[in-house]
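This is the structure, below, for whatever I ask next.
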Amino acid sequence: MDVSEFVNNLADSLVSWRRKLHQYPELGWTEYQTTYLIGSELVQLGYEIFVGKEALVTEERMGVPTHETLLAAEERARNQGVPEAWLSKMKDGHTGLVAKLDTGRPGKHITLRFDIDALPIAENKEGLADHLPGLHGFQSRYPHIMHACGHDGHAAIGLGVATFLSAHQEKLTGSFTLLFQPAEEGSRGAKSMVEKGWLDDTDVFLSGHIGISPMEVGEVVASAGGFLATSKVDVVFTGKSAHAGVEPQEGRNALLAAATASLHLHAIPRHSGGETRINVGTLHAGSGRNVIPDHATISLETRGETSELNQYMEDEASRIIQHAAYLHGIEADIQVVGKGVEAANDTGWKEFLEAAITHSDRVTNVMETLPLKASEDVTYMLNHVRERGEKATYFIFGTPLAAGHHHPLFDYEEKVLEVAVEVYVSSILSLLLEEEESNILL
Amino acid sequence: MDVSEFVNNLADSLVSWRRKLHQYPELGWTEYQTTYLIGSELVQLGYEIFVGKEALVTEERMGVPTHETLLAAEERARNQGVPEAWLSKMKDGHTGLVAKLDTGRPGKHITLRFDIDALPIAENKEGLADHLPGLHGFQSRYPHIMHACGHDGHAAIGLGVATFLSAHQEKLTGSFTLLFQPAEEGSRGAKSMVEKGWLDDTDVFLSGHIGISPMEVGEVVASAGGFLATSKVDVVFTGKSAHAGVEPQEGRNALLAAATASLHLHAIPRHSGGETRINVGTLHAGSGRNVIPDHATISLETRGETSELNQYMEDEASRIIQHAAYLHGIEADIQVVGKGVEAANDTGWKEFLEAAITHSDRVTNVMETLPLKASEDVTYMLNHVRERGEKATYFIFGTPLAAGHHHPLFDYEEKVLEVAVEVYVSSILSLLLEEEESNILL
Amino acid sequence: MDVSEFVNNLADSLVSWRRKLHQYPELGWTEYQTTYLIGSELVQLGYEIFVGKEALVTEERMGVPTHETLLAAEERARNQGVPEAWLSKMKDGHTGLVAKLDTGRPGKHITLRFDIDALPIAENKEGLADHLPGLHGFQSRYPHIMHACGHDGHAAIGLGVATFLSAHQEKLTGSFTLLFQPAEEGSRGAKSMVEKGWLDDTDVFLSGHIGISPMEVGEVVASAGGFLATSKVDVVFTGKSAHAGVEPQEGRNALLAAATASLHLHAIPRHSGGETRINVGTLHAGSGRNVIPDHATISLETRGETSELNQYMEDEASRIIQHAAYLHGIEADIQVVGKGVEAANDTGWKEFLEAAITHSDRVTNVMETLPLKASEDVTYMLNHVRERGEKATYFIFGTPLAAGHHHPLFDYEEKVLEVAVEVYVSSILSLLLEEEESNILL
Amino acid sequence: MDVSEFVNNLADSLVSWRRKLHQYPELGWTEYQTTYLIGSELVQLGYEIFVGKEALVTEERMGVPTHETLLAAEERARNQGVPEAWLSKMKDGHTGLVAKLDTGRPGKHITLRFDIDALPIAENKEGLADHLPGLHGFQSRYPHIMHACGHDGHAAIGLGVATFLSAHQEKLTGSFTLLFQPAEEGSRGAKSMVEKGWLDDTDVFLSGHIGISPMEVGEVVASAGGFLATSKVDVVFTGKSAHAGVEPQEGRNALLAAATASLHLHAIPRHSGGETRINVGTLHAGSGRNVIPDHATISLETRGETSELNQYMEDEASRIIQHAAYLHGIEADIQVVGKGVEAANDTGWKEFLEAAITHSDRVTNVMETLPLKASEDVTYMLNHVRERGEKATYFIFGTPLAAGHHHPLFDYEEKVLEVAVEVYVSSILSLLLEEEESNILL
C-alpha cells in the first residue's frame, strides 16, 4: 500500500467533494443535502450507514432550530433533489450519519470523526480574484450561510479516508467507524452521538481540524489541547408593551432588562482559578420607537479553562439574567443551547506520528501540541474515550488562511486536504501494524 | 345647500375610499399608491394638484427611508398600476400632494390637512368576525404594514370634503387648499409642507383626528390641545469586532454601548417644569454569539409638555449617548429623524362649532378641548398659522375603538367619517358666512 | 385686645427664643434640649404639658436613630443642663411635647402645630457679615447640625402664640392644644402624634411655614397645597468580602449592588398620572481599596403628586432594590424610615384671613394658595382633621431668604416671626368670635 | 560567630519591639512614632541615619494623605513624645528612614529593606484569649488602625539584623544599607526611595515577608515571584446639587456617575494575555436624602500579571471613569495614588540559602519559589537591582496565621521573627564569605 500514491490519485476527488459541499452550506441540524451527499458516496463504497435516530439520541441534541426552520431547510433539500426516503429518516433535525466497515478480521476498532456544518455568515462577494471560491466559481449559493470554518474540507477528508479503507479492506484488520457529526458550531451535536454509544468500544479515536495560522501546509500538530469548556445560552425576555407617551408606567421593559443583563454579565468577577470568558453576542429588542418594548432576546456564551470554571460563569450568568428580568418586573426564559467540555492534549502522539509518516513528503513537520483557547465539542468524544483508558487525539493540519475562521473571506489551501488524508491513513496503518507486532508504543 | 343630505349621499363613497386605502397601507415617504389614488380623484373633481417637489421642500423632510427601501416601494407601486408619470414626480420619497380650488370670488383662504401614512404593524389575522376589516375582507394586503391610526379614514374624509367643495364651488367664496400630508408617523412630514409656504397666506386652518376612546360617534372636540413636543432619534454605534474567546480585549463593544445608553437615557432626571418622556423603542446589536459586537442601533424618542422641555430631554439624551459610546471606546452617530413641536388648544371653537352645526343630527355633543398627551406634527401647522394671528384648530371626531391606536386590532366605526365631513363642511360654510356678515365671531 | 401692640412687646422675646434655639440645633428624635427649653417656658406660662410617651405613640415614630446615637444626644443634653427628670421622660427618642390650655368656657377646640427639629448640615462659617447668625454670633454650636429650614423660628412663633393665649385666657373661650412636633425632616414624627389622638376632637387645625422666596415679609399664603406624598427609605446591602487580587470570585459585591440599584431607581418610568420623584441621596460602600466590598448603604426618597403615585414609586423602588441585590448574589434590608402623605389646599381661607387681619399693618398681602411641590408630614394632620369634616389650613409666612431651605447659608428676616404670631392670634380670635356670632363663615 | 546563639539572645528584644510597634500602628506617610522608635534604636547601635528628605524624593511619593491628616498624625506623635527635632525632619509625610553601616573594609554592599506601615483596619476586640495581641495586652491603641499585615514584625526583624551587624562590625567586610520603607500598603513608598539612589550601587538586595498559610514556622521560600503589577487610583466626581423634589433637573448627579463608573469598570474585558484584576473598593457619595448628590469619591485598584496588562487595565479604567462623568454632565478628577510593577522570582537562591543555613535548626525547609498573585512595591527595588545585573531576592518566612492578611484577627507566631533574622544574617555572612573565596556562586 503506497499511501502517498493513493492520495495523489485522490486529489481531484478531494477538491471536487470540497467545492460541491462549499456551494451548499447548511447550518447545524439542517445538513440534509450534506448528509445525503456524504451518505450516497459511502453507500457506493460499501459502508453500512446509520442515519437519523439510528445515529444519534434525539434528546441529547442541543440548540435545535425551530420546527419552521427545519421544515424550510427540508423543503430546500427536497428541491435540491434529496430523495424522500432520506428526508424521512432525517426529518426534524436528525442530520449527520455514521458509517461502519468491518474487515471481519480481529484487530483494533478505530473511530474517526468529521464535522460537517456551516456558519451563518454571508460569504464575501468582492475582490473575487483573491478569494478562491470566487475565483473558481464555487462560492456559497445560499445567502448568509458559508463554510467559513473548513468543515467542507473535513467532510471531504472523511470521504477520502473512507475511500482508502474501502479500497484496501481486504488487507486491513479490525473495524472502522466514521462519524460525520452535525452541529459542531455552537457545541451542539457531539454529545448526541456519544450518548448513542458509538465510542463505547472503540480502541482509538482520531479527529482534527484544518487551519490555524501561521502554520504552513505540511505542518501537523499531533495532539492539540487547551480546549475551553463553554456554554451557549439563549435568553428571551418577555415584558409588557405600552404607549411610551400615554402610559409609560404600564409597560414592563424587556429591552432594558436585556441591557441590564448584558452589562452585568460582562462584570462577572474574574476567577483566580484560571481563564474565563463571557460574551453577549447579540441583542434584539423592541418593535417600535414609541412602544415600551415587551420582547428582547440575547445570545451569549461563557467559557472556562476548565469545565468547573465554565460552570462558575454559567451559574453566575444564570442568576444575573434571572434577576435582571425580575428587577424590571418581567420574566426571562433561559435556554442552554450548546455546551462543550474542556479537554487537554495527550502525550506520545508526536513520536507516534513521526514514526507513522516517515515515508511522507507531504508532512514536513510534526509539532507536539498547541493550546487552542477555543471550544470544540469533539471534547465530549476525546474525554469519553480517554476515560475508558483508550487513546484519542485531535490533529491540527496546518495551512495558511486567507482570513481567520468565521470570516467572510475565510479560505485555505486545498493541498491541506491531501495532508490530512495521508496523516489519518498513515496513522491507521501504523496503529494496525503495531497491533500485529506489539502493544508497546501507544 | 343641505349638508346633511349631501353627506348621506356621500356615505358609500367614504366607506369605499377608506376600505381601498386600508388594503394598500404605505409607510411614511412611500405613499406612492395612496398619493396616486387620492390625486386621481382630485383631478377628476377639478382640483389643481401639486405633487412631489411642487408640494414639499426636499431638505425639510425628516426620517426618509434608505434609497433601497424607496426603490422597492416604487417598484411595488408600479406593479400595482401607478403610472410612470406619477412615479417619476414622486420618486425618492416625494409623496403626498396639495390640491387647490379657487372660487374666483373674494373670501377667506381656508386650508385643511389630512395625513395619509400607515404604520409598521402586522394587522390582526385572527377572530375576524370581531375585526371589521377581517369581516368585510378589506384587511391590509401588505405584511407588517397597517392603517392602525385611522389615516385611511382621514384621507377618505379629505376626499369627501373635496367632493363637497367641488360640487358647490359656484356658490362658495374664497379659496381652498387641501394638504394630503405624508409621513405623519414619527413627526416627519408636516414641516416640509409648512416650509413650502402653503400656510403663509391662509386665513383659517383646520385639521383633526378620528378616535380617542371612550368617545361616542357624534361627540366632537372643538379644539384639542396638549400636544407633546417630540424628537425622534436614531443612533448607530460602531465598534470593533474580535473573537470573544481568543482576544476579547481587542474588541470595542457596540452592544454594551447601546445598553449603557439605553439604561442611562431612561434615568434622565424628571423635570419640575412639566411632563417629559423618554423611550428607547428598539435595540439591535451584534452578529454572532462568539464575536464582540461591532455594530448596534437604537431608535428612541423624547417628548415634552413644551418644546423647551423636549429640548431638555433631547440635549440630555445626546450627551448621554455620546459618552456612552466614548465610555466603551467607540463612536456614535446620532440622527434626529423626526421632530414635533408643542401646541395648545385655542378658545372660542366650541361656541363656533355649536353654532355651525345646529341643524346636524350627526353631531350630538361638542366638547371644548381635550389634552392629548401625544405628539402630532400638525403642530407645525397650527403654530405657523396662529403665530400669524390667524385661526387654527384641531378637531377630535369621537368613535369607539376596537383597540387602541397602533394596535393590530385597531378599528373604528365608519359612521365617524360622515361626522367628520359634516363638521369640516359646516365649519367652512359658517366661516364663509361670517365673512359675509361680519368678522366678529372668530 | 390689641394684637398688634401685644406682638410689638413680644418682638424681643421672639428673637431671643429663636437665636437660642438656633445655637443648639438637634436632629429629629434627639430634640432633648429643644423640648426642655420649650417645655420650661410653657410650664411657666401655666400650660399642662405632655412629654414623651404621653405625647406620642412609640411604635408610630419613623426613622428613629440608633440607640447609640440617642444615648450620645441624651448625654450631650445632660451636659447642657437638661434635668434628669426630663431626660428620663424623653429617653430613647421620645422628644417633642404637647401643651394644653382650657379656658373652661364653651367654645372651639383649636389646635396648632409647630415643628422643632434641625438638619444635618454644617452651617456656613465664612463671610459672616452677610450671614445673620454669623453677624450676631448665634450660629450653630454643633458641628454638622443646623436649623436650615426655619424650625427654630416655628418653635419661637409657637412660644409667642402660647404667651398671648396664656396672657388673655380669661377673655377667651374654648380650649387650645399646641403640638411641638419632633422629627418633621424626613416625614417621621407627625404620624406618631396623630395616632395619639390629639386631633380627634379638634375643631380647627392651624400650622404653617416661614419662607418661600421671592415673597416679602408681610405676604401670607392662606392655604398652601400641592404637598407631595413621600417615602424615605434606607437600604443596607450585605455581601461578602474577599481579597480583590487573590480570590475575587469569592466576594459578593455590595458596592456594585448599591450602584445597580441606584442607576435603576433613577430609571423608574415616568407616570402619566402626575408628577413623581426619585433620589438616591447618599451611597456609602466598602472598607478598603483591595477588598471586595461586603457592605453598602443607600438612603433614598420617592415622591408623588398623590399618595397613589408615591406608592407606585415606592413599590417600583422596592422591587428594583431587592433584585439588584439578588442579581449580585447578596441580600438587601429595606426600611421605610419616613412617610408623608399628599394634601391639597382648602378654600375659603383667603377671605377668612383678610377679614381676620383687617387692623394689621404687618400683613400686607394675602394670597389664596401656592403649590408647594414639597413634602411635609403636617399632611397627616391636615388630612386627619379634614376627613372628620373640620377645618384645617397651612399658612406660608413670606420672607426673603439669604439662601434656599437646607442650604448652609439659609437665613430669613426675623420680622417674619411677628407676622406669623399676628396671623395665628388674629385667626384664633376671629374663629372664636364667629362662634359667638354665627357658624356661617368657616 | 554563632548566629543561632546570637538569635537566641535576641529573641526577647524581637518580641518586645514587635509588640511595642503593634500598639502604635500608623498608616502610610504618617509613621512618625514608628520611624522615631526605629531610628532611636539605630542611633544607639551606631548607624548613620537619614530621615525625611534625606531618605526619599518628595515628588516620587504616591498617595500622600491630606495636609490636615498629616498634621493630626504629627500632633498625635508629638503627644506620644516624639521630639520636635524628629518631627521637623519628617513633617508633611516624610516618614521612614535609611540606616548605613560601613565596615571600612572592602566587600559587598548589601541592602536590606523592611516596610513599616499599618492598615486602616479596626483590630478585633472579641474572643481575646484566641487573639495573641488581646491575650498579651498589646493590641492596637489606635481605633481603626492595625498592623494586620505583619509590618510590625518586619521592622522588628530589621532591628534584629541591625543589632547583629552592629555587634559584629569588626569582623565583617563591605557595607550595609537598611531601608525602613514607609507606605508599602497601596504601593506608595518604594519608588521614592529607589529614586533617591539608595540602590544604585548595591551589590545584593534582600527583602521578605512573613506569613502565607499554610506554611509552618521554619519553612522559607528562597525567591518569591508572581508579583502582580498594580495601580491604585482615587477619583473625585464633582457635580451640582439641587433639591430633589423642587428642581431635580438642575442637579448634576455625582453619585450616579460613580455608580456608572463602578459598574463599567468591573466590565472591562478580560485579557487573553494573562491575569488581570479590577476592584472599586470604596464609594462614598451624597450629603442628604433629598439633595441631588454633587460629590462622590471612589478608590479602586487595577492589577495585571505584567505591567503591560496592568497598564491595559489602568488605561481602560481611565477612559471609563472620564466618560462616566461626562455622561452625567460632570467632571472627574483621577489621581494615580500608588503603582506597583511586576516582578518574577530569580533562580539559584534555593541552593544558596540551603548552603547558608546548614547549621540552623530554625530553618526546616527551603522552597524554591511561590507565585504570590499579590502586589508589593518592593518590585521597584527588585527590578532596579536586577536590571543592573545584580542579585536580589524576596524571601517568604512561613508561619501559621490566625487569620489572613488584612483581617481584624490577623496574627502570626512570633517565632518567625527569629527565623527571619537568622535567614538574613546567614545570607549576609554567606555572601561576604563567598566574596572572599570566589565570585562563582551568585
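For clarity, chains are labelled A, B, C and D in written order, and residue numbers in each chain start from 1.
Quick note on the criterion: contacts are C-beta pairs under 8 Å (C-beta built on N, C-alpha and C of every residue); 3 or more make two chains touch, one makes a residue touch a chain.
Note that the coordinates shown come from a computational prediction; the quantities given were computed from them, not determined experimentally.
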item	value
A-B against B-D, pair bridged by the larger set of C-beta contacts	A-B
Chain whose Cα centroid lies at the greatest distance from that of chain B	D
Interchain centroid distance [CA atoms averaged], chain A/chain B, Å	52
Chain B and chain D: spacing of chain centres that average the CA atoms, whole Å	70
Shared interface positions of chain B, touching two or more other chains	246, 248, 253, 256, 260, 263-264, 266-267, 269-270, 272, 277-278, 292, 373
Chain C to chain A touching residues, read off their complex	246-249, 251, 253, 256, 260, 264, 267, 269-273, 292, 312, 316, 319-320, 323-324, 326-327, 329
Residue ranges of chain A touching chain D (in the complex, touch as defined)	263-264, 266-267, 269-270, 272, 275-278, 373
Residues of chain D touching chain C in the complex	119-121, 186, 228, 230, 232, 243-246, 248, 253, 255-256, 258-260, 262-263, 266, 277-293, 296, 299-301, 303, 373-375, 404-406
